[in-house]
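What follows is a set of structures to go through.
Two complexes are shown next, each including chain A; its partner changes from chain B in the first to chain C in the second.
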Partner chain A sequence: MINQVKEIPIEGITYKNLKIEKKPLSREYVPPPPELVPRANRAVCIDPGHTCMPLGAMWATLGVHRAIPFVQGAQGCTTYVRYTFSRIFREPATIANASFHEDAAVFGGRKNLVRGVRNLVCRYQPELIAIVTTCSSEVIGDDIHSFLDEALDLMEEELGPEVREAVKFVVVNTPSFAGSHVEGYNRASREFLKALARKSGETREHVCLIPGMMTPGDIRELKHMMELMGVSHRVLFDISETLDCPLVGMPDRIPYYPPGGTPVEAFVRAGDAQAIFALSPDAGSAGAQWLDRRYKVPAYVMTMPIGVRNTDHFLRNVAEATDRPIPDRLRWERGIFLDAMADTLHYTMMKKVALCGDPDFVAAATWFVCELGMVPTYILVGTKSRRAEEDIRQACEEYGHQPVVMNGGDQFEWEYALKNDIPDVILGHSRCVNIAREIQVPLVRFGFPVYDRVGYQREPIVGYRGGERFLARIVNAILDHQYPDDRTHQ
Partner chain B sequence: MDAIHLVHAPVGCGYYTWGTRRHLGDGYNWARPGVLENEANHRRHCYTTAMSEEDIIFGGTEKLKQALLEAFRINPGARGAIIYNTCSTALIGDDIEQVAREVSKEVGKPVFACASPGFCGVSQSKGHHEFNFQFYKWLLKYREEHPEVCLKEEEKTPYDVNIIGEYNIDWDEVVIVPLFEKLGLRILNVFTGNARLENLFKLPDASLSIVHCQRSATYIAELIKQGFKVPYLRVSLFGIEQTAKALRDVAAWFGEDKMRRRAEEIIEEEITAIKPAVEWYRERLSGKKVAIYVGAPRVWHWPKVMEELGMEVVACMTTFGHREDYEKIIHRVKPGTLIIDNPNEFEIEEMIETCKPDLFLTGLKEKYLVRKFGVPTLNSHSYEKGPYAGFRGFVNFARDIYQAVAAPVWQLARQDF
Partner chain C sequence: MSAQPFVPFWQNPCGLPSRPGLGQRACAFFGARYVLGPVKETVQLVHGPVGCGYYGRLVRMVPYPLYTTALTEKEVVFGGLDHLAQALREAFALNPEARGAFVYLSCVSGLIGEDVAGLARLFEEKGLPVKTVACPGFSSFSQAGGHALAYEVLLGLVKPGPLAEEPTVNLLGEYNVAGEARVIKSLLEGLGVKVHTVLTGETSWSEIKTLTRAHLNLLLCGSTAEALAKDLKSRFGMPFERVSFYGPTAIARSLKKIASFFGFPGKKVLARTRKDEDKLQKTLSSYKDLLSGRRVLLLLGAGKLGPLARMLRELGLEVVAVGSIFGREEDHQKLRAYTELVSDNPTEDELEYLLKFLKPDVVLTNARDQWRPIKLGFPTLSFPQTVDRGPYTGYEGFLNLARDLVKVLSAPVWRFLGP
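So, the complex of A and B:
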């Protein structure tokens, strides 16, 4: 044998030689009773398109510098959210918990909060604690504000009056039965600003951005665009340097805190901002609109800047709010994006695409696929949203498409539709993997949550550059799947 | 595996338990005519009542009943159902047991109601405990009402055994079950990895229970022992020495020379097969320091395994260990080993500073934290590339440990730049 490398020791049992035989549970395929397919006709929810409210509030909190969410509930409410964040970002997420047991269920969570907050302050010295409530504390009826007052009084006695200044508190009420994770983020955006924002009267020339549940890569792309515009800006709930951090070998000191995050000060100054942009209408508009009402900071609530039209719209509004021109550099990026669209139109035009995800992502992506000449067929909006539905209708009217929109439906309903009318490509998240494999259609991952492939949290889909990357992903997925190699070599 | 798992709760509780831990199975439903679904029945779909505010105020039992009936119609392959309540539905007092009885009668399939509110007990260990007791109670009743589900007298053999506390993480069963089958045993049940309801009804009909996870499932083995005089043996099925001991113990329990000889043959055959690989890894892993933080039993299953790889255990932590688990840990580690009960992140960080492990065996949530400290990790809950149990799985385990420790990235991270 020539040119042979040194032998690598045997592997125990690899996936390949496991050879598990799949055993069908029933003799043949039985389609579900047609009347049980639409979500509205069912009591049972199968494969929900959204998760619980506290997750959104915790997501927002983890975008704040040295902030820790304190979950007033049972341990599972924290464990599973940490688990979800770790899966998506492959980063640690520090979240504290009140650890409800039977006594809390009977007597309420006062003791848990008072002691828990004290421990957290002493051991972690956070700059901000967001008390996030859960189903159980809301059903019991915990009076969080009075508990917090008591905790503060006790801490002041023990640790001195500085503690009131050193740690800021925000309370976010998030009973899961009243909304989804998107609503949780939305509420957090309002409560943070309500608790912290002030107007000093000095005019400061900066704008605030509430990104919603964008990835670290998306947020970095937003900052890049703002820098090119020359606009002084603050991203509120900035997870780009808290949930995406370098490996350093050994942090300087413990406890480990990620270096980044929006400083508390930025929330305080939000009252003086020139404008506030909510770039995910369903996750963040509550905060922006509150700031507008309270401190007359003009609020711009707009579709997420995915695709040409939405990015144009965003930048025009930034230009209008700050009275600055759109620089040539951004026009260049836009031109590159358009160039990429022109180069690939034969692969995207008239392709049927099904979409699934959170309302903000899906509404914006619908605009984008329309711009690519694709035909949206079935659109599942994971959390019911009137605004997203209107946005989708508007896009489809403009481009002459008539998709089926399942607003607030579950994945079962959507899945069944796809099985009967197979699209060319699916834009969805990691929960769509099974359906994509079963109908043998490529899945382009985006939105919340993507956890089964690496790198998605770092790669932007917003802005012109992000759009170009997103387009490349869509086209490459189609090429991999539908075109033999000799037809892609031009 | 072949049941519908319906979580009676607001949406999150069901959502997070959907397709998370890799407890795999081989029973599949049809996706389309001729095409099986991509994941086994119990992992493919998430069924929940997704309680709304209105449901919480007015009660959710009717919704639960309707939901369960619909789920049975949508999933005709399911052999039964297990319904779980959670914090909110327990607080509002929904009677899930009543629903289970009614639906079971209506569809003619078994339905088990498991009361599992999150605030109950100190940790998930209470959930294991509760499931064991409630399930056993229900099992007895169901067997009484439906005697046909029991193993018929003429079908019984003296070699029928249950493997209890084995959850088929990443197909551990593929390595474990054949070992015992080769001994001449018939495995009636694996509680509850890749388990079928029809088999679980036969749990009390075995002659012996072999208990692997002794935290989550000794309860039911003990109940079966008390109720049906089926004794149980505790075993560890990780690493060479412990797996060999398990086989010898089981053979000794049956007391037949033939089986004893068979056990020795299996052990020799398996060790010969894996020895070169294990030695190759041992050579490269010797002297490394390791910290272990898993649920509970693996923390005492594994110190011996680490020793077999020449590694030194410097710290042990459990999420939900009881006194009994800590006694076992103390018994199996060297004096001076740091032991922490249910550490928080801060304590884990302190452990890393003081013990300086070369490897941390832990789960998903902690692994990213300790990596920031430059410490390699291994997902010890769901495994990286399992199975890890038994003889053959041990090579996978050793390989993944070696890959974690030997990856060039840690060296690069330590370089000054």
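So, the complex of A and C:
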């Protein structure tokens, strides 16, 4: 109203005489044209729910011992990803880049790859280099395999034949216009196994796990459960000891490599495994299914073990695959989880919750919030995924909810829906902070990326213990927001 | 300068193409976003796959609205120009208050070779100004190329116009990192000088259009905005002065320069700066014992290195080595006054060698490189990008820097290191 006043209502004095610039006091809220709200009606994408493929492939590679992703593209493709990783993990991450300049755009990236790989091998002595392509190299049409052959020939001449044995190479094709970071991880899981896995014929009693884009804390929780089961296991792409490491001081050997990570040997022996579990159907199932087809290793592709039902399902499958009973210790943990759920049901029952994130996380979390008696209202699946939508539908059918699922939408449409139908709590990643503040609803952070909290990457949300932590996080957020202090301890 | 131990260190000269496989540089799009991100009253749209739009939203850790065409395989193969036109129309419809649009080209749109400039002309005829920022990632050696491109675009917006009545300046190359602009503005207000706009930390489309209202351009970051200052001088006859508000000596010198340009009495400036400086020295004296003689390693972009080295010397620290990411010869020349070990685009292992052999007491670097020295057990200070730590500019900023250095150096955590 006051923004529309043409002149100051004092006789004879105008803005011009006062020599002040006329500015509106506050920006008026202009609702967007309703036909432009759904993502499907728009050509323009506003606050996308996913990023591009190379990130997923780099994430996977950083979970391998002494492995470096080599990004065949322009320099920004690594800068932005390094920035993202450093904010999530607060850890150094070595990512190399082919440094495409204009000559590479014109003549192709052959020279960049050959020189870059040589530089890397000489300077960093890695055990594995994953060549991650980008949109630019894919549009140019770089023939990575022949470039790599040439690089290896030249290095053999210069450094001797042992270089072929010392360094393994994996090529992951990740043009970013063809999918999201989830798909990038998925492809990396397949390409790593394709390039490295062998079957020796000996039977070995161990299972492989492809965790997907879980945090170090989640992976540690998976290992804990497998240890309690007494199952010999190997986590492929294990970032728990590469992107979450102790401060040690100056290492004897330069450059610094994190002490952990999945050794290359574990990928080679994956062909002999008893079973392979892909715990994120959209990030990792390709690898598991390839191994099943090629080496007849039974693949179990299942919803991420968040919540009671999903964890039960996971452990039952592990027990079935390895023929081992579920130990009492795990039953104890399950009991504590159930106890926590029963204790806090008044805070969670019938609370409206909106979810946002990667398909694997969102699908599993939908099961979990349904188990807590919460009502999912708007679910944004950042990357379009049939499987996740199916999973969400199944969960909501079982518990009798009818949420709006925005499969592959952008945050704009999801946020618009939230503004018009305000939930009690939001489960989402750090990019939901703005909407949570705007509608004054507590945000429980989970999934990818969480960069504005300290220590989230170390706290598990999978398994029974992780579920209990996740539940506590959700309830505490609701308590902080909705209950006066003196009522919380009754 | 004390005798340096032998260091196996590659001293890369600046201005060279990056060595593939090594280095920390970013792309032209990153640079263009760095400059244009905060410009208000605009629609900003990336014509490219979703990643560039996803990451590009954050500039110096602050989110600015950014639209993207999110190209898919279909558009890459059959051309995405219609898609872009549609996206632009929608973006304008969603932002009725926007006065114009910037369209960034990404690697993909650069490679498939679309006539985006032609499309922009069509929009311009309809009265919707659209400026193309031709910044495919590969188009320059580092982000510096993107900075230059962005400023060229901004120069195209400037129109000649009447001068302001009171003494007015523009700040060029000031990005308002952690609220720097507020500090500089208050310093200038003390002189009685108004700030028309801050390029590009706090600016808008209409303020850039009327850039010529100001009497004087103050050039703060030479490595990004120097070309703009020179072009504004040759095209519109706007004089410019190089100034810096990093450290008390530079502040006093800069304020004197500005005062003499506008013909203000120098004595008044002198009295003011002396008062502020006295106040500063009183607080500083308690820090100085801890800081003097400490050896520091610097690794940052380019423009901030010179002023930072100067400030550190004023605090009594010794700069032992400097790595720039996209330095120019002038920057390196200045830095050689502090140390002989100056390199451009050092790699991570080169940085580790430096740490191992020089054993600096403290490392000063940017947000994304800070975790490596920390992991290796070196007190590390990252350049502030959030308001909570405060800027390093002005008198209070100098104090902020000293306090931050004291914080990282005297943190008890380092005592627990070692066997």
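Methods note: the second predicted complex is superposed on the first by the 463 of 490 C-alpha atoms of A that agree within 3 Å, B and C clash if a C-alpha of one lies under 4 Å from a C-alpha of the other, contacts with A are read in each partner's own complex, and residues count from 1 in each chain.
Following the convention adopted for this analysis, a contact is a pair of C-beta atoms (placed from the backbone, for glycine too) under 8 Å apart; a residue touches a chain by one contact, two chains touch by 3 or more.
Keep in mind the model is a prediction, meaning the values are calculated, not measured.
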Clash or fit (per the criteria above) of chain B with chain C on chain A: clash
First, second, both or neither for A:Tyr124, with chain B first and chain C second: both
Which superposed partner A:Ile254 touches (first chain B, second chain C, both, neither): both
Touched partner set for A:Glu102, first chain B, second chain C, both or neither: both
Chain B versus chain C as contact partner of A:Val454, first or second or both or neither: neither
Chain B versus chain C as contact partner of A:Ala342, first or second or both or neither: neither
Chain B versus chain C as contact partner of A:Leu113, first or second or both or neither: second
First (chain B), second (chain C), both or neither touched by A:Ala43: both
Contacts of A:Phe70 with chain B and chain C, given as first, second, both or neither: second
Chain B versus chain C as contact partner of A:Glu438, first or second or both or neither: first
Doubly contacted residues of chain A, that is, touched by chain B and again by chain C: 30, 32-33, 36, 42-48, 50-55, 73-77, 79-84, 86-87, 90-92, 94, 100-102, 104-105, 123-124, 134-136, 139-140, 175-178, 180, 245, 247-251, 254-256, 434
Of chain C, residues touching chain A in the complex: 17-30, 45, 48-57, 63, 65, 67-73, 75-76, 83-84, 86-88, 90-91, 93-94, 96-97, 106-108, 110-112, 136-142, 347-349, 352-353, 355-356, 367-372, 374-377, 417-418
Sites on chain A touched by chain B in the complex: 9-15, 18, 20-26, 28-30, 32-33, 36, 42-48, 50-55, 73-77, 79-84, 86-87, 89-94, 100-102, 104-105, 123-124, 134-136, 139-140, 175-178, 180, 245, 247-251, 254-256, 412, 419, 431, 433-434, 437-439
Chain A residues within the chain C interface of the complex: 27, 30, 32-33, 36, 42-48, 50-55, 70, 73-77, 79-84, 86-87, 90-92, 94, 96-102, 104-105, 111-113, 115-120, 123-124, 134-136, 139-140, 175-178, 180, 245, 247-251, 254-256, 434
Complex contact set, residues of chain B against chain A: 2, 6, 9-20, 24, 26-39, 41, 44-53, 55-56, 63-64, 66-68, 70-71, 73-74, 76-79, 86-88, 90-92, 117-124, 171, 174-175, 274, 276-277, 280-281, 345-346, 349-350, 353, 364-369, 371-374, 385, 387, 392-399, 409, 413-414
